[in-house]
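Here come two complexes built around chain A, the first alongside chain B, the second alongside chain C.
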Partner chain A sequence: MSVATPEAPVSAGATPRAQKKRGPDRRPGLSRKLPYLLLAPAILLELLIHIIPMLVGIWMSFVKLTKFFIANWSAAPWAGLGNYQVAVDFDNAVGEGLLKSFGVTIAFSVITLALSWALGMAAAVALQPAFKGRSIVRTLFLVPYALPAYAGILTWNFMLQRDTGAVNHVLVDNLGLTSDRPFWLIGGNALISLITVAVWKLWTFAFLTLMAGLQSIPNDVYEAASVDGAGLVRQWRHITLPSLRPVNLVLVLVLFLWTFSDFNTPYVLFGTGQPPAGDLITFHIYNASFLTWNFGSGAAMSVLLLIFLMIVTGAYLIVTGRRSRRA
Partner chain B sequence: MRLRSLVAAAAVSALGISLAACGGSDSGDSSGGNGGGDATLTYWASNQGTSLDNDKQVLTPVLEKFTQETGVKVNLEVIGWNDLQTRIQTAITSGQAPDVVNIGNTWAASLQATEAFLPFDGEAMDAIGGKDKFVPTALATGGKEGTDPTSVPLYGLAYGLYYNKAMFQQAGLQPPKTWEEMVAAAKKLTNPAKNQWGMALAAGSYTENVHFAFINAAQNKSEWFDADGKPTFTSDGNVQGVLRYLDLMQKDKVANPSNAQYDNGTKAVNDFATKKVAMVINQNNANSSIVANGMKPGEYGVVPFPAPAGGEQVASHVAGINLSIFKNTKNKDAALKFVKYMTDAPTQTTLGKPFASLPVLKDAKPAFTSDAAEAAIFSDIYNTKSKPLPLVPAEDQYESTVGKAMNAMFAKIATGGTVTADEVKAALKTAEDQVAASS
Partner chain C sequence: MRDTKGFKIYRAVVLVVLGLFVLVPLYVMVTSSMKPLSDVQGAFTWWPSNLTLDPFVDMWRTVPLARYFVNSTIVSVAATVFSVMIAILAAFAVSRFRFRGRTVFSTTVLSTQMFPGVLFLLPLFLIFVNINNSTGLQLVGTRLGLIITYLTFSLPFSIWMLAGYFDSIPRELDEAALVDGCGPMGALWRVVLPAARPGVIAVAIYSFMTAWGEVLFASVMTTEANRTLSVGLRQYSTQTNVYWNQIMAAALVVSIPVVIGFLLAQRHFVAGVTAGAVK
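Right after this comes the complex of A and B.
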């Protein structure tokens, strides 16, 4: 659903506040209009690409857009809050399914975010000092980021097959860790697999961003700290982390929004046989819309997701902004 | 202030454009009339052969012959099964639809409910050669009972139980006639230590799973919807039917737990063709995969998928592909001519072999195999032992909810859990509630 684009909440929440400074306006007619004329194409495109589909999505969430009406969807009957009521009625199968999927997505998102950040940070710090072959290692780390997502995830699908996959071959045949071959793509392990693949895909972005952030910290700060007797851990806690704060604020938010609205990873990894333990919310909404032909209900779920993400983003920006001002 | 009015003006005009565009969907000229030489039809074919390219190669000469006979050109697009339903949904929503489209016949009643397709009423039915030319059970899949169908059968398919002749002979077994005999034979031919299994199941494919939920329940004389089209998923016959099928992996242990990851029928067929399993239940178009994987035609036999002793003799649902015309076609007459051509005897014979399909015409002989016994068995299953899946608008929801519930239950069994009759009932209740909530 177009409503749930990850960009939307960012722009909605991050609107800069202070833009009110206006000097006395003495420009003649044309040059006063010129900025608007120049802005017009961008505004028009923004309308066409984001705003209008979003409005249509919101409208869809208030109508009964089932298979009986999709051929003439502008005539779909009004459903009022009906689609929303079904989505949040957790005693009902649809609401219960959405709630479960929400829980899975929260777990997935938080763990993936934490692991990606930790790995990215570790690698960025480890590769900070110059050594021979550093650029080769850096390039290698970026491979998952450069690879088309589809190809990478499909390869994971092959590797995670129970009988023929490379993962079980190593774990069971080579290392002999268990005698029973575990399933990775169905049952409870599906979430572990999903997180592994998502981290594999995402951590290099964290690495790249943090590495760029590290470059901006002057080296003499470390030298001074080292002279004062601060060890590596203390240097990291008291110099690196505070200096990377602005980078981290954005990085954590972006990673959260990406993981929360990840569709490709479950879609390609599990195909049509997706297990309940890997039922991420965007994929759940896709199924609710397209498999059961209930686009009104799917749109209502998308709007709920959008509202949730906007609240989380807004709260995050307020809390972190307050702390920044205090610091 | 000025900026705000500019934005508002742009929004209003853009909205107007998009509404006008969607209004176009029902402004199509459905009066037809253009069946003459200069018409061009767009035809979306589903993937039937070994690849999309293979389909094109098979269909192109057939379509060229149609152009020679009628002067009507056909633009062909072959679409894979994973994309077909979404493409049809998009076509219905946007009004940018082809003239003629292949559909899975189980979708017929659901697609009919959209009212985007041309009903084959008396006149249209006569134009394509009359309803009497079709096998009645096949034609029955075309739409809801008691309505003019919005699709007509094109390729027929039916499930059969394929068995490995040599393995049966070595074990001193006869081809099974009842469910009990099938399970006994499968147990005898299972040896997990040697990775040898009695049966292969596409236990991770929700479409395959729902077919077997349906067939097993039908053998219990049980229905999934009542006369009003309301779901009756939790009836005893349905629960027991589903459990009987799950038990092939759970209680009887004649299927490899790995099968829970098989998300399409081909993987199970490949296990059969490479002799890892002694039996597989699949539709008759499995033949090409079996042979492509190295098994010779004489090495396997086919019998109807058996019912338990005393059960109803339902061995398959009426499977296959139907042909529909979009209502807003500008070439109604040409489209009807095309449907007539595709469902006439010579075309059916030409396409029967490459697409391994059963004829949907009365008295036609199957061309998909040179084995007369196999052809006779599949024809008998298709014509006398098949029952159409529920012909109700919610059929698509039935497929996805019940099928996915079975995926999850197989996954639980495969990963060491057990599924009781009560749990099957609870899962079917959830599926039923999902269908009720969204219809």
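Right after this comes the complex of A and C.
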């Protein structure tokens, strides 16, 4: 008895552990392999569609891959950094075009992100307290998001037509703001059109995300604040905004990455004859590659874009991570 | 609280302004689809003077819309089914097992999602050409090529989201199933999956929407025979005419399946999409 007692805790601790082993670890050979078997299809597809193409893309950016080598592309001659030199030579037509497109994309991305966030926030705050018909309004707001991108963008294309579109009908015929009908799909207004269409589609996502974030703020926090005499603006500034901080950090990054790599909006809105004012970078790379069949140059631009996005994402995560740790 | 007059005015303004912003294009789409061609080619009118349903009939003849519809349906349904099955297995592994390479896998899968598709487009095109040259398996210009491409678009998101769903299901549940004699796969099938049904539905809708609305790869990887709706709808613009009424009718018809599916399951979808961002 006196000998067995000190051993009792040991065996008591060992028994449940042994029982647990009878679960997934009963057949150690299979159990160790099982997660990899489960992952195998996903890994295989990720390799085929994402990882290998990325490596091939990096290799492509170092070769002279023109239309003469498409059928037998592994024989394309080595270009070294040549494709990159052309892409960043801003005195040259190719480099100049890339730089301009980059500027347009930054402007598009930042403005679209800011407007989508602001509209999403305005609507999420307005719909935060329950009222009759709230779920109907919420469903209505979700429709642009549910619509296939091209269906929505085609409708906007129709509305932005110079002579037959609804937009000019309102501006010129109904409101009489200008006498000559402005062009919206060519010339300098193209960027405004792009931003409008992109915001129409995107603000709903900001709304969805922010609304979900608002649901987690308890009502009595606001009640306490209004008892203390805080107005709606101060409540928003001191309760809503800080509570949404983690949501906003993710949302802003996601919206930036989406807008910066948006292809559908310019492609469907403008067709292949894109106006310089609406020449977004992904569309620019697509045209540079498939209109001139200079894949090496397109690949070099793609790698530059990838590096830029990685730097921005990394910097963003470091800055926001540090700040939220301090707070 | 917050039922002050100021807040009510603010809410009314937001609802009216954003409601118009959302609704006007939808209204234009619906009404223009019911106008004769001469009306959509003339000055815009808010109300159709000659209401007609002809565009909904003519649109099938102007463009082989039925074929595009079939192509889009096959590609989207196949991509959805495979994507959901593969994501379920992978998410189960990530959620329930601790193994070497788990973090590497999760990080890689998540980060591929943030890169723009145009980055993969050129290399993938060449890889598909190469596969064709060496094995004779045609991927460019076939439905199979599109299916493979699309099912990986939604895969990273699906794995991430489902793993989150599986994590929220108590492990005691599937451990009890294991004690009762189920294998790990039995536990997945009988316990974890039924409990995660909302997540599976959300992931399936997301996959379908992604495939149904995809434009970039469809524009490069398809030929006339396997063209999908996203590219096919461009064909209503000819050298001489743009059939805007038929474009709007077609846009409306192709939107109906996704919009209905989305609205029916929006509760699951919204919860799923936002869970990751909010956590």
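Just so we're on the same page, the second predicted complex is superposed on the first by the 285 of 327 C-alpha atoms of A that agree within 3 Å, B and C clash if a C-alpha of one lies under 4 Å from a C-alpha of the other, contacts with A are read in each partner's own complex, and residues count from 1 in each chain.
The working rule: a contact is a pair of C-beta atoms (placed from the backbone, for glycine too) under 8 Å apart; a residue touches a chain by one contact, two chains touch by 3 or more.
All of these numbers come straight from a predicted model, not from anything done at the bench.
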{"item": "Chain B versus chain C as contact partner of A:S216, first or second or both or neither", "value": "second"}
{"item": "Contacts of A:L185 with chain B and chain C, given as first, second, both or neither", "value": "first"}
{"item": "Chain B versus chain C as contact partner of A:A93, first or second or both or neither", "value": "first"}
{"item": "Partner chain in contact with A:W73 - chain B first, chain C second, else both or neither", "value": "both"}
{"item": "Partner chain in contact with A:T155 - chain B first, chain C second, else both or neither", "value": "second"}
{"item": "Most chain A residues touched (candidates chain B, chain C)", "value": "C"}
{"item": "Touching partner for A:D163 - first (chain B), second (chain C), both, neither", "value": "both"}
{"item": "Touching partner for A:L306 - first (chain B), second (chain C), both, neither", "value": "second"}
{"item": "First (chain B), second (chain C), both or neither touched by A:I52", "value": "both"}
{"item": "Set intersection of chain A contacts, chain C complex versus chain B complex", "value": "36, 43, 48, 51-52, 56, 70-71, 73-74, 163, 271, 290"}
{"item": "Parts of chain A lying in touch with chain C, wherever the complex brings them together", "value": "20, 22-24, 31-32, 34-36, 38-39, 41-43, 45-46, 48-54, 56-57, 60, 70-71, 73-74, 119, 122-123, 126-129, 131, 137, 139-152, 154-156, 158-159, 163-166, 168-169, 173, 200, 203, 208-209, 211-213, 216, 219, 222-223, 226, 231-232, 235, 246-247, 250-251, 254, 257, 260-261, 263-264, 267-268, 271, 282, 285-286, 289-290, 295, 298-299, 302, 305-306, 309, 313"}
{"item": "Residue ranges of chain A in contact with chain B within the complex", "value": "36, 40, 43-44, 47-48, 51-52, 55-56, 66-68, 70-74, 86, 92-94, 96-97, 161-163, 183, 185-188, 271-273, 275-276, 287-288, 290-294, 297"}
{"item": "List of chain B residues in touch with chain A within their complex", "value": "2-3, 6-7, 10-11, 14-15, 18-19, 22-23, 25-26, 82, 85-86, 89, 92-93, 110-111, 113-116, 204-206, 258, 260-261, 263, 393, 396-397, 400-401, 407-408, 411-412, 414-415, 429-435, 437-439"}
{"item": "Residue numbers on chain C that touch chain A, as the complex places them", "value": "1-4, 6-7, 10-11, 14-15, 18-19, 21-26, 28-29, 32, 40-44, 46, 86-87, 89-90, 92-94, 96-97, 99, 102, 105, 108-109, 112, 114-124, 126-127, 129-130, 133, 148-149, 151-152, 155-156, 159, 175, 178-179, 184, 209, 212-213, 215-216, 219-220, 229-230, 233-234, 244, 247-248, 251-252, 254-255, 258-259, 262-263, 266, 270-271, 273-278"}
